[in-house]
Amino acid sequence: MAKNNCPMCGKPNPEDREVCQFCEARLKPLVDSPAGDEDTSSLSPGSAPSPMDTGELERTLPVWLQDARGTTSPEEPSPDSSQEEDWLAKFQDSPDSKKAEPPPITEEGDQDWLQRIRALEAEEKNSEKSAVEKSIPEEKAVAPGSETVSGDDLPDWLLEMEGEETGEELETPQASPEEEAPMETTASPFGEDAEETSFDDDEALDWLDEEAGEDDPEGAVPGEDLPDWLLEMKGEETGEELETPQASPEEEVPMETTASPFEEDAEETSFDDDEALDWLDEEAGEDDPEGAVPGEDLPDWLLEMKGEETGREPETPDTTSVEEDLEESASPFGEDVAEGLLDEETDLDWLDEGESPEEEMPDWLLEEKASEDVEHPSEDEESVFISPFSEEKKGEIAGEDIFADDLPQWLSEASDEELAEEGLSGKDLDDITPGELPGWVEAMRPVKAPSEEDSELLDEEEYVESSGPLAGMENILPAEAGIIKAHKAAKQSFKLKVAESQQQYVNLLETMVANEEKTEAAPAQPLISTQRVLRWLIALVLFLSIGFAFSSTQEWFSYPFHQEETRSINEAIQALPEASPVLVAFDYEPALSGEMNAIAAGVIDHLMLRGTYLTFVSTSPTGPVLVENFLRTTQAQHKYIHGQQYVNLGYIPGGAAGLLSFVVSPQNIMPLAFDGADAWKMQPLQEIKSIADFSLVLVITDDADTARIWVEQVQPNLTSTPLMMAVSAQAEPLVRPYYEATPQQVAGLVAGLPGGTSYEQLIGRGGLAQGYWNAFSIGIIAAGVVLLISGVANVVLSQIDNKRKYTEVGK
Amino acid sequence: MKFKFRAPLATAIAMSVGLVVLSGYFIPAAEPLRFILLRVGMVLAAVALLVGVINLLSVHIRKMADKDSNSWNSFILVVALLATLGIGFYDMFKAYMYGNPNFEWTNWIFTYIQRPIETSLMAVMAVSLVYAATYLLRRKMNYLAIGFFFIVLLVLLGSISLSMMNFPILKDIRSWIVHIPAVGGARGLLLGIALGTITTGLRIIMGTDRPYEG
Amino acid sequence: MNLAIASLADFVGVFLGFILTLLVFSYVLGDNPLFRLAAHIFIGVSAGYAAVITIYNVLLPQLIFPLIYGGEGETYFSIGMLIPSLFLFAKVTPIKRAGNWAMAILVGIGAAAAVGGAITGTLLPQTIGTINSIEPSATGDTTWANWLNAGIIILGTISTLIYFHFGVRSKPGRIPKRFAFIEKIGKIGQLFIATTFGVLFAGIYLAALTALIERISFLWNFIKEIGLQLLASV
C-alpha cells in the first residue's frame, strides 16, 4: 500500500487520507502543485534528513546562524512567531480599526478647494480626448470619486507641474461631482491636513483602508487614480498612444491629489522611527488596488516569512498561495518590490487565472466585504472596473522593468542573489538533491505546508465575476473589495534578537560605560606614603643641592663650549652696522622668564653693544611688560631709552593670522608703541615697510609652537634678513630641524642655559646665565644621581618581583 | 535622508574668508584683500580674548553661589581678576589723561604676583619630572622605556662638565643624539604636525568642520 | 643678583612674592588649600592682566580711536570691525548662535593662515631640507660619517611619519591590520620618537630646573637681604 508521509510529522499515512492520522495536518493540497513538484517533493519535510550528527558543528556557527536555525526549526518556534501570527491576525482586525479611526482629512473645507481645482483643470483640458476610451471601448470610464476643484488653492508649482504633465501627455477622465469621497481619500495621505497630522502608526495607515475600502469597491482604478509619476511613466512608455478616456473635469482631481506626495509639506514632515516606515504603508496602499503580484516572483525571503508566519512548511513554492501572501505580506514592501517584480510578461499570467470567489474566502475577508457592501451599496452597479493591468496595458507595463530603478540596489541584488545562491525558487529547487544538504541545513530550510487558509484562496482560479459589466466572466481580476482590499500593513517587530552571549556582552559593555561615567574619588593618600616620601626626598635633594651652589662661591663646573649655531648668531650680530633696526620678539611666558632672561641676556647685551635699534613685539599679552622687566633687570647698564634706542610695540593678537598681518605691513598693524607714541617716527624705523626691511629678526621664545609659527609666517617673507632664535631648552628639539635644514630656515640658535652661557662666553661678558651655571650643573647632577639610583632600584625590585612570582608559581 | 545643514551663513563666511587668506600665500593679487581680512581677524582675536575673560568671570561668579569648597577659590579668582582689571583701567586712565603710560601698578601686579606664582609653578615641575622619571621603569620596563630613560640620562649628564673631571665622550654622545636621531624624529613630528594642520585647516575652509557653531 | 628694592611698594611686592612662592612650593608636600589659593590668584590676575593689555594695546588704537579720531576710511573700517566684534560678545549670552558668523571669520582666517604657513614654512622647506641632507653639493660634506648621519636623519624622518600612519587594509573576516612593511618601519619610528621625546623630556627638565634655580635664588636673596634683617630687628 502506498504511503503518504505527513508534511508535518513525517509519519506515514494511508494514501487515501486527506489529513494526517497522527497530527491532523492536511496531507493533500487543495490544488495541484505546479510543475516541478515532483522534483521538489524530495525535499519535503517528511523525508528523513541524512543521518549526520552535526550537533558539534552548530556550536561553531555564528550566533545569527544559530538564531536562524532556531527560528526555522518547526520544533522550536521563535519567540517572534507569535508576533508574526498577530501580524496576520491584524488583517482581520483592520476593518474595525479603520472604522474606529476615520480619516482625519475628509472635511468640507477640503472639498471646496478641491472643487475649485477641478473646475480650473476642467477648463484647461476640455478640448483633449482620451485614447484610453478607444483602447478599451467597452469599458465606460467613470471615475469613482471626483469633485470640482479650483486651482486657486493649489500652489503654483503644483499647477505648473499638473499643466505640464496632464496637458501634454494625458487627459484624465471626468467624473460626476457627486463622487467626492474617493478623491478626498486619495488626497488624504499627503493633503494638507494629513501633513499636519502626526503620523501615528494607526493613523498614518487609515487612508490605506479608505482608499481600498472606498475606491476599490467601486471597481475603478482608472489612470487618473494612479499617481502622476505612474501616469507620466506610462505616458513616456506609450508615447502619444496612451491616453486615458475623456472624462469630466472633476476627475482630474485625483491626479492632482495623488501628486501631493511631492508637496513641500510632505517632505518637511519629520520622520520619527515609526513614521519613517510610513512610506512602506503608503506604497503598499498604492500597490494593492492595482493587483497582487504572483508568488512566483516573490523573493525567497518572502516565502520564508510566510512559512514562519503560518508556522507550517510548504512542500513546494506554491504559486497561488503566494499570491495571497503578496496581498498580505508583500504590501509592506511597497510598489518598489511588488511592481519591480513585474518584469516579464509571464508575470501577469496570474491575472488571467487568479480569481477568488466570495464563497471560498476566509471568514474575515467575507466579513470585511459585507461591511463594505453596506457602506457602498450602489457602487457595484455604478462603477466599472478598469484594470490597470488589462491586456492593452499589460504589455506596455510588463515589457520593461519600469520599477527596476526604484528598487534599492541592495534589495534587487539581494533578491537576485538569494534566489541564485540559495536555490529556493521554484526552478532552482528542482536542481537540488536532498542528499547534498547537511542535516542541519535541511532541518532549517524554509519549507511550508499548505494550510486550510491557503487552500481556500488557492481556488481563485475558479473565480467568476459576479457583479458589474464583467459579470459572468471567468479568469478576470476580481473587482470585489475584499479581494483587492488593501490592508493596513502589519506592524513589524523590529526588536533585536539577541542571544544570551550577546546579551552578556551588552551587559558587560553597559557596566564598563557606566563605570566610566562615574567619577571615582581619588583614593585618599595617607599623610606619609612611600610615594610622598620619595617626592619629598627628591625635592630635598634638589633644593639643598641648588641652595648649596648659591651658598658657594667656588666654580666647580667649566662653562660649556660654544656650538656652531651659537657662533652663527654671534657673527650675524657682530656684522650689524650701528643703529640697524632689529626686530626682537619676546614670546615667552612669565613662567620661564627665569630661563629665558638668562638665555637672552647675552644676545640682547650684544645687540645693545652694537648700538642697534631694537623693536620689541610679542604675540603674548605678557610680552610687553616682560620686555620692560628684562631691560630693567638685565640690561640696566646700557641705559637704553624708549623711543630713542628702542621701541616696544606691544602685543600682536591673533596668533599666526596676527603675525602674518604684521609681516605684511607692520606700520599699519602696530601704528603706536606701547606707551602710545608714534612708533615709526624714529629714523631707523621710517624705512621699514615690511618685516623684511629689518636687519635681523630675533625670536626669544620658550614654546616650540610659537617658534614654528614665526618660522612659518615670517621666514618665507624674509629675503636676506636672517631669522635667529633664542629658545628654551624645552623647545630646542623641535626648533633644531629648522636650523639643521638645508637651506637653513633659522640662521642661528641659542638654546637653553648652556647656549646662553656659551654666548656670554663668546662676547666675553658675564651675565645671568653664567651666574646660574653652577646651580644648574649641580641640579643636573642631582637629578642624574636620583635617576641612576632609581633605575638600579627599579631593576633590582623587578628582579625580586619576578623571583617572588616564580616561587609562588612553583608552590 | 534628511540633511541638516547648520549655520549656512557662518559656513559660507568661514569658507570664503579662508579661501581669500589662503590664496594670498600663492596669488599676489589677493594680497590687499587678504591684508584687510587679516587685520579684521587680528582685532576679532583680541575681542575673543576679552570674551574669554568675561566668560571666565561669569563662570566663577556662578560658582561662588555654590556652597561647596571651591566657591571660596572662585571668590578669590573673581576678586583677583576684578582688582587687576580695576588697577589696569586706572593705569589706562592715567596714561591717556595725564600722559603717564608706564602702567606702574599693573606692572607691579605682574612683577610681584603673577610672575612669582608662574615661575614657582614651573619650578615645582622640576621636582615632579624627576619623580616621574624615577617611576618610569617601575611602571613599565620595556626596551622603549629603557631607551627613553638612558636618553634622558645621557642628555642631562652630557650638558655639563666638571672642571676637575671631564668626560668628552659623554658630551659627544649627547651632541650626536641631539643633532642626528633627535633631529630625524623631530623633523618627522614637524612634518606630521604640518600635515595635520593642513588637514584640519582645509576641513574648516571646505566647511566640513565648523568649530564656530555653538 | 639682588632684589632691587627701591620703594615701599617694591618691598611689599617682594614680600608678597616670597609668600606666594612658598605657597606654590607647598605643593611638594601634596595638594593643599594654600597651593590652590595661589593658583586661583594666578588665574585671576593673569586673565585680568591679559584683558587690560588687550584693551589698551589693541582695541583702543585699532578699533576705538579710529572710530573717534580717524579719517573717513578709517572710521568706516572700524565700524566694519566693530559689528562682528559686538556679535562676538553674543557668545557669552544666551543667544550664542548670533555670534557664529563673527566666530566664523576668526576661524576661517586662522585656519587659512595655519594651512598656508604649514605648507610654505614647514612642509615644503623641511621636505627639501631632508632631501638635501644627502645631497653633497648642498651640505658640502662628503665624508662617510656625514652620509651615515644624513641617512639616519632621513630614516628617522620617514619612519616617524610612517609610525603615525594608521591606514589599514581591511579584509572581511580579518582584523584590520597595517601593512607588514609599514608595521616594521613604524617600529623603527618608535625608536626615533622615543629618542626625540627623551631629548624633549630632558629639555623640559632643564627649563624647569632653571626656573627652580631662579626661584631658589630669589628665596635665598630674600632671606639674605630681608629675612635676616627682620629677624635681627625682632
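Should a chain be cited, it is by its letter among A, B and C, assigned in written order, with residues numbered from 1 in that chain.
In this text, a residue touches a chain if its C-beta (ideal position, glycine included) is under 8 Å from a C-beta of that chain, and two chains touch if they have at least 3 such contacts.
In this text, all values refer to a predicted model and were calculated from it rather than measured experimentally.
*Asks:* What pair of chains is linked by the largest number of C-beta pairs in contact?
*Replies:* Per-pair contact counts point to B-C as the maximum.
*Asks:* Name the chain with the Cα centroid closest to the overall protein Cα centroid.
*Replies:* Most central by this criterion: A.
*Asks:* Just give me the whole-number Å value for how far the CA centre of chain A lies from that of chain C.
*Replies:* 39
*Asks:* In angstrom, rounded to a whole number, how far apart do the mean CA points of chain B and chain C lie?
*Replies:* 3
*Asks:* Distance from the CA centroid of chain A to that of chain B, rounded to the nearest Å?
*Replies:* Those two chain centres are 37 Å apart.
*Asks:* By the touch rule stated above, which residues of chain B touch at least two different other chains?
*Replies:* Where chain B meets two or more other chains at a single residue, that happens at 21, 38-39, 41-46, 49, 95, 103, 106, 110-111, 114-115, 118-119, 121-122, 126-127, 130, 133, 149, 152, 156, 159, 178-179, 182-183, 186-187, 189-190, 193.
*Asks:* Find every residue in chain A that makes contact with two or more other chains and list them.
*Replies:* Each of 535, 539, 542, 591-594, 621-622, 625, 653-655, 657, 660, 674, 676, 708, 732-734, 737, 740, 752, 776, 779-780, 783 in chain A touches at least two other chains.
*Asks:* Could you pull out the residues of chain C that touch at least 2 other chains?
*Replies:* Within chain C, residues 28, 46, 49-50, 53-54, 58, 109-110, 113-114, 116-118, 120, 122, 126, 129-130, 153, 196, 199, 202-207, 209, 211-212, 214-216 contact more than one other chain.
*Asks:* Can you list the chain A residues touching chain B in their complex?
*Replies:* 271, 534-535, 538-539, 542, 555-558, 560, 589-594, 621-622, 625, 628-629, 652-655, 657-658, 660-661, 664-665, 668-669, 674-676, 708, 732-734, 736-737, 740, 752, 754, 776-777, 779-781, 783-784, 786-788, 790-791, 794-795, 797-798
*Asks:* Note which residues of chain A are touching chain C in the complex, please.
*Replies:* Checking each residue of chain A against chain C gives 525, 532, 535-536, 539, 542-543, 546-547, 550-551, 591-595, 598, 621-622, 624-625, 633, 650-651, 653-657, 660, 671-672, 674, 676, 702, 708-709, 711-713, 715-716, 728-734, 737-738, 740-743, 745, 752-753, 768, 771-772, 775-776, 779-780, 783.
*Asks:* Within the complex, which stretch of chain C touches chain A?
*Replies:* Touching chain A from chain C are residues 1, 4, 28-30, 46, 49-50, 53-54, 57-58, 61, 109-110, 113-114, 116-118, 120-122, 125-126, 128-130, 132-133, 135, 138-139, 153, 196, 199-200, 202-207, 209-217, 220.
*Asks:* In their shared complex, at which residues does chain B touch chain C?
*Replies:* Of all residues in chain B, those touching chain C are 7, 9-11, 13-22, 24-26, 36-58, 73-74, 76-85, 88-89, 91-92, 95, 103, 106, 108-127, 129-130, 133, 144, 147-152, 155-156, 159, 177-195, 197-198, 200-202, 204-205, 210-214.
*Asks:* For the complex, which residues does chain B have touching chain A?
*Replies:* By the definition above, chain B touches chain A via 2, 21, 31, 34-35, 38-39, 41-46, 49, 95-96, 101-103, 106-107, 110-111, 114-115, 118-119, 121-122, 126-127, 130-131, 133-135, 137-138, 141, 149, 152-153, 156-157, 159-164, 166, 178-179, 182-183, 186-187, 189-190, 193.
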